[in-house]
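Look at the two complexes coming up: chain A is in both, with chain B in one and chain C in the other.
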Partner chain A sequence: MADLTRDDVAHLAGLARIDLSEAELDRMVGELGVILESVATVQQAPTDGVEPMSHPMPLVNVTRPDVVRPSLSPDAALAGAPDAEQQRFSVPRILDEE
Partner chain B sequence: MSTTTGERTLGFDEALAAYDPAMGLEVHVELGTATKMFCGCPTEFGAEPNTQVCPVCLGLPGALPVVNAVAVESAIRIGLALNCSIASWCRFARKNYFYPDMPKNFQTSQYDEPIAFDGYLDVELEDGSVHRVEIERAHMEEDTGKSLHVGGSTGRIHGATHSLVDYNRAGIPLIEIVTKPILGTREKAPEVAKAYVSALRDLLKALEVSDVKMEQGSMRCDVNLSLAPSGSGALGTRTETKNVNSLRSVERAVRYEVGRHAAVLSGGGSITQETRHWHEDTGITTSGRVKSDAEDYRYFPEPDLVPVAPSVETVEALRATLPEPPAERRKRLQAEWGYSDLEMRDVLNAGLVDLIGETVAAGASPAAARKWWSGEVARRANTEGEDVPSYAARLGVTPAQVVELEGLVTGGRLNDSMARQAWEGVLDGEGTPTEVADARGLELVQDTGALEAAVDSVIAANPDVAEKIRGGKVQAVGALIGQVMKEMRGQADAATARQIILERLGQG
Partner chain C sequence: MTTDLTRATAAELADLLTAGSVSSREVTRALLDRTAAVDGAVHSYLHVDEEGALAAADAVDRRRAAGEGLHALAGVPIAVKDVMATQGLPTTCGSRILEGWVPPYDATLVARLREAGMPILGKTNMDEFAMGSSTEHSAYGPSRNPWDLDRIPGGSGGGSSSVVASFQAPLAIGTDTGGSIRQPAAVTGTVGTKPTYGGVSRYGLVALASSLDQAGPCTRTVLDAALLHEVIGGHDPMDSTSIDAPVPPVVEAARRADVSGMRIGIVKELTGEGFQPGVQARFDEAVQHLVDAGAEVVEVSCPSFSYALAAYYLILPSEASSNLAKFDAMRYGLRVSPDGVDAPSAEQVMAATRDAGFGDEVKRRIILGTYALSSGYYDAYYGSAQKVRRLIADDFTRAFGSADVLVTPTAPTTAFRLGDKLDDPMAMYLNDIATIPANLAGIPGLSLPSGLADEDGLPAGFQVLAPAMADDRLYSVGAALEARLTAAWGGPLLDRAPEMDEVTR
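Right after this comes the complex of A and B.
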């Protein structure tokens, strides 16, 4: 398996919205590398002829009828929000701008 | 960023002289289910913010989604109506991204296993030719929340200090329908794009799976477009224009992007693969985000949902519920109603097919149904900026009233011009056709004595014309009928007047 690069970690940090310093990036390359290596052990398991699994239960077509159930009250819905305004969730500025 | 001035564009004809356009259309349709895709929250349009949300659609910890059975059935029916194959087994996937319109930080969608794939839709163009648009896939997903951007000058995301999000729409079932590259359309590209979206809208309406209101966002279109040198058979770099939300805009957006791409390419430049935003008011597109690693969605199978595996029996049972395809229905109705191609096209363009169908079913002749829904009503609806069906519904004017009006004419009470007056009265809110005719004193003179007297006096006043008719020039009778009608102040039946004149002059 190809080694994790510093660029890979920087890319992942960007996607996860985690701000890493240069020193932290260097450290994470090593630490994540060790974790990946450990997990890679499972690749030694013989999987020839085994279908990939995405769910532990052998079920299909679990559905519900199209019937309305009560929603939360707006107060309850917004209770966990760090900030709210006009009965809406208030979120920080979306675009980084000068 | 300016949205009033576009970039340099080439004229459409000039662009096509050098380049071939290729299009790809992605249409999102909100299903008309009572509840959301994965939870029982209602889906009503226009509700107070955050009143149709629950732990599932807010992505609260521990909440478990369950698929809406009707949404899956609708997706399969849409797939079948688009001549697609239906997957015997498929899964949902998480599309991960960071944008606050989804509180879960991912959208539950389908990735490499769409419920429907490999279909087509035949679309008819103005000139009667048919273009087959191939369908790549139709997959199930969920809609996002709506953001209100605060602090900027115009409510736009640029310059905003923060944003306010309403998650009522988050989780409403969406079907995304994606075409294969649409090639070889040349100068018809804008028309094909519009005709496809229009045909798709008709189909979805006939399926009764969505209210397909583009102006309310329940049907939205993204237009992918690229140019390649004429005859090269290559595919150029594409742009994806979002927010194209009317039929007319689909056509305009294609036309604009063709001209813009051509200007860039012919100037030696290259097209940046990016998202562009359509501006309805100015008719141009502006650059959105550049496709970058920010769009690494890291799809993976959704672990909280089990696969959807419709049996052959289920699929066939749903196939049996499909309505007659709109294009075939139009052909059948045109034959039944005896309309010319031109008449049928006018009726289609005016959105009158269903209304005429109801009117004919209520007992009117197809000719009368077309006549009364096309003239004055259409003019007034157009002035109000409405289509005829919604205008008529708002006014409370019904198919039954057209039947009544036609009955007044065929029953001999009203002639054509009186019927027009009665119909105007109905549209003015003065009551039913009969009530209007009563109130306005509209009534053909049934007393043939008065009519005969008028005929005699007109014949006496026009001896030359009368002589011609006696001599066999029957077509000259028109001049006399006009004068008789004038004398009768329009309160006579022209056909009867004609008959009496001809009898008097030995031609009866």
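Right after this comes the complex of A and C.
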């Protein structure tokens, strides 16, 4: 349960797309272990039959009429892009080569 | 009325501006000069927009001269936390991953400030993506507490608390996910409000935990907080969680400052043990002031609060791990290629960028959230935390059955020294023990100064909590207490803060 291994943290970092260094992994195993042990106390709360609460108030779907309204220009939308080409975001290759 | 424009309250400045005794340019200039003199030492700002602020001031001065009807706070300058999108002004969230990013749009809240004619002085420092209680997790270095430059100004909004405490701005915007407006207010001797969840639009607020985040005012007086609350509050169709109802009568409540017959609930679980003696002593005195003003004290019990911190540190990382997935190096922000990889894939670039662009605390929380949401652990962690959240909301509902407001010390201690808790994440998290329950339940809270702790002569904070959409009660209690305390002290608490040595940048 609250006994995270170094391999677990490496796996989670991979899922979260964070390329942790070996030194970071070493440090984080210990820190996360302490935090997990503490937050695991939620399992001791008397929660039998309690309805989970995801949000402070009832959520209702919000819609608007399907009409065109002003929005960002392509230039504005691309202004912060690390790389852009032909009015598109230019990105590294997305497929493996093999 | 004070003549030093940097020490005047927003309400005083509004009167002076309306009367034509000063121009917005004069006020803005005075505050920018103050920043040039002291912010090298305090480091409240990540970015100062001298040109933009003066242009906005001139524009409002021209409109006033032309006899236009203006908003009450027109011409009163404000600082904005760097987590709010500001068109044309950098927005970094205290992170390297957004270094140099300039949003192409304004947050709704920012647009409302501009519409009201309030010059934006700059963007204030914060813990990276609002994760922290000290600003030490800012990628750009910590802000400092004007009461003692070796101490923290609170977090995550330590830039906004210190900017008002050091008289660089009468008003600032903060955001509060677990206490990031109220705890910084407490440790700097200032005022801060977290409005009811949904009371202020989150459109353009870079999300940390969407079900907890709420923006609000950071000020030096309760009335100023109410005035700013009224500007930024109210329904926004761009935020699906925005409450479609009028802003509660917060300014009227602050002006009336009436607590006669009000039932003040002391939360048994958030008093005494675990609170610094000087903080507790100022709290007890403040309660007595409220009794003297005609309020009635009741004790309430909120037994589930003992699980609040644990639930919060599961819910927040879970939501944050999802919200921060958008920092993928593709559309905006940093892009870093991994070392020694020819033609890296998008996935490899994303992982290298997030390693280089995120600080330790952000990485910790993303990984914790990823764990809490992963299959096989979801029910035990995130699921249990959501049930605890319900228990906490139920505790509040019961407590508000016998009390109109609840009161607690805002933070367990006064400002600690920079570096003291940096290597111990759990110790850092405990600062938010009294502020977190309000975010989990979505109710409003306000912190105001209760005095100086005997042990260290540093400010302590008094927190008022009210039911959802009863934000006006915060201001009734806050203003009544502030009036009595200010009279007892013979002036505002901040008058006792040390004069800042003028340090050039």
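General observations
The rule we apply is simple: the second predicted complex is superposed on the first by the 90 of 98 C-alpha atoms of A that agree within 3 Å, B and C clash if a C-alpha of one lies under 4 Å from a C-alpha of the other, contacts with A are read in each partner's own complex, and residues count from 1 in each chain.
Convention: a contact is a pair of C-beta atoms (placed from the backbone, for glycine too) under 8 Å apart; a residue touches a chain by one contact, two chains touch by 3 or more.
Because the structure is predicted, anything quoted here is derived from the model rather than measured.
By the document's definition of touching, both partners, chain B and chain C, reach A:V62. In the superposition on chain A, contact is made by A:Q87 with chain B only, not with chain C. In the superposed model, A:S38 makes contact with chain C only, not with chain B. In the superposed model, C is the one of chain B and chain C that contacts more residues of chain A.
In the superposed pair of complexes, A:L15 makes contact with chain B and with chain C alike. Comparing which residues of chain A touch chain B with which touch chain C, the overlap comprises 14-15, 17, 54-55, 57, 59, 61-62, 64, 72, 77, 80, 89, 91-95, 97. Those residues of chain B that touch chain A in the shared complex are 33-35, 39-42, 48-55, 58, 60, 66-72, 89, 91, 96, 98-100, 103, 147-150, 157-167, 293-294, 296, 298, 301-303, 305-310.
Note for the complex: chain A touches chain B at residues 11, 14-15, 17, 54-55, 57, 59-74, 77-78, 80, 85-95, 97. Every residue of chain A that touches chain C in the complex is listed here, in rising order: 1, 4, 8-9, 12-21, 24, 27-28, 31-32, 34-36, 38-47, 50-57, 59, 61-62, 64, 72, 76-77, 79-83, 89, 91-97.
The touching residues of chain C, when paired with chain A in their complex, are 101-105, 197-198, 211, 237, 240-241, 243, 304, 307, 309-311, 313-314, 321, 325, 328-335, 337-338, 343-352, 354-355, 358, 360, 363-364, 366-368, 370-372, 374, 380-381, 383-391, 393, 425-426, 440-443, 468.
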